[in-house]
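Look for chain A in each of the two complexes below; its partner is chain B in the first and chain C in the second.
Moving on to the complex of A and B:
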């Protein structure tokens, strides 16, 4: 199945892209996908990155074909 | 012709709405990139009372985005300059200046005196502090934050809606400010203006308030997205039950046997733990210098290495300390991990 990942803030920077489509095999929760996406990235506090699936904040949901997953780090600047 | 004629013409405002704005009290925490445009539009709209809170001084590097300030203001208190400037814009608005940071001690009391809080801060600690104090005082707050070319916006704790902790339950040490990352002045301009719009809708009691939603704006890509967020009642109940949860982001220092002196203000983060770390803010040095060991090497640090250098000068010249070494690059260079 295909899932679109959208990266924001310092996650997009570390990933060097703001969006990609991943081909996934087998069942995966949003949280598992996040761990997989962030694994190789230099992000100090991965726990602070939140997950939205199809524009809803949720990390426990099992992903299905066509889902859009957003990885959202908190911003502090003002 | 009334000064508010052009907004009173709107059916969403009308004379009744203008009266509501006149009776509204808004606290702006942080009069910087977000707070400047927000304060100007809220002043223009005729909000009855505006609290201006900022403990910082105007710096030349602020002027490209903090549109309240002029070159001649450099070195002056942001909150005071903001009041002077805004009074000229609208003498009907009452302003209250707070030249102090929001703290666990003062937050609830100050926020209680207002109807809405507008978050113009640039750090996670104060955002969590505003969040928790607003839960206790039962007030909504309008949040915005920026990272480089992106912004986040939401209204929290509005009519029992979700709070900041419902999106980001825990604070993080990755406290990256505009100073560190860079930002185009227009981005806080856009976000601060949107915050002012949310404040107006809340006070007018009209329109769709951005509660239960997190708006994400990417200025460079000219794109926007809205994420739905749910309330996590347990996060809110925890605060109601236990009070404001301090977000002391603690850290370890590399050398645990070494004596350290932290001369930053108590609210500055992260906070190193350890028996050999003394915390004495610059202003308290002359009162508390006797707490500093004088028979072994003590490393003195602040955020960047500048204040600690001054602190060493004072301690050396006035109190005869010869055992102090400056941490040149600031706290980040001595943190473990």
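Moving on to the complex of A and C:
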């Protein structure tokens, strides 16, 4: 199954990309995918990165084909 | 009122001060309003390790941000007896001294408008996926985090 990963802010900077499509084998939760995506990246506080699946914050959900997963560093609006 | 309609929140670059005056002028025909409450966020020249911030470059997960802005609006209209509410947030580069956030609520009475504006600002800062790159005078940067 395929999921689209979107990277923002310092995560996009560390990943040197803003988006990619990943082919996943087997069941994976959003949190497991986050760990996989951030594993090789130089990010000091990985805990602070939140996950949105189809634009809703959620890290326990099991991913399905076509999902859009966003890795969101701390918010800084205003 | 058009409170249910999703509105465009993001503007490219700084929010011009004229926008505030125009927004006020646009509400003078609504004579059930007795109070406006306005919050303006301005880029501060923070100093970090001897370097000074010159601008913030804002990016956002725009689709989600628009959805969250809409949810905050809906919640505000349920919670407060406001006549209308407008939010504008910058994307892209905003220099120090310029405006990046404009929240404008109106009500029959001041206390409600003031509380509603405060609600909007706190909710926006906590829940909207906007990211800010603080750019220093030597072109280095750090990522802003809301406290």
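Here is the rule we go by: the second predicted complex is superposed on the first by the 74 of 78 C-alpha atoms of A that agree within 3 Å, B and C clash if a C-alpha of one lies under 4 Å from a C-alpha of the other, contacts with A are read in each partner's own complex, and residues count from 1 in each chain.
Heads up, the rule we're going with is that a contact is a pair of C-beta atoms (placed from the backbone, for glycine too) under 8 Å apart; a residue touches a chain by one contact, two chains touch by 3 or more.
Just so you know, these numbers come straight off a predicted model, no measurement behind them.
> With both structures fitted on chain A, tell me whether chain B or chain C touches more of chain A's residues.
Partner touching more chain A residues in the overlay: B.
> A:65 contacts which: chain B (first), chain C (second), both, neither?
After superposing on A, A:65 lies clear of both chain B and chain C.
> Identify the partner contact of A:55: answer first if only chain B is touched, second if only chain C is, both if each is, neither if none is.
A:55: touches chain B and chain C.
> Given the touch rule stated above, what does A:23 touch, chain B (first), chain C (second), both, or neither?
After superposing on A, A:23 lies clear of both chain B and chain C.
> Does the superposition put A:44 against chain B (first), chain C (second), both, or neither?
first
> Is there a shared patch on chain A that both chain B and chain C touch, and which residues make it up?
Looking at chain A, the two contact sets intersect at 6, 8-10, 48, 52, 55, 70, 72-78.
> Over in the complex, which chain A residues touch chain C? Could you list them?
It comes out as residues 6, 8-10, 48, 52, 55, 70, 72-78.
> Once bound in the complex, which stretches of chain B touch chain A?
30, 32-35, 119-124, 127, 144-148, 150-152, 167-168, 170-178, 181, 183, 188, 214, 216, 218, 221, 225-230
> With touch defined as at the start, can you tell me which chain C residues reach chain A in the complex?
41, 56, 58-61, 63-64, 67, 89, 100-101, 121, 124-133, 143-146
> Which residues of chain A touch chain B in the complex?
Chain A reaches chain B through residues 6, 8-10, 13, 18, 43-45, 47-48, 50, 52, 55-57, 70, 72-78.
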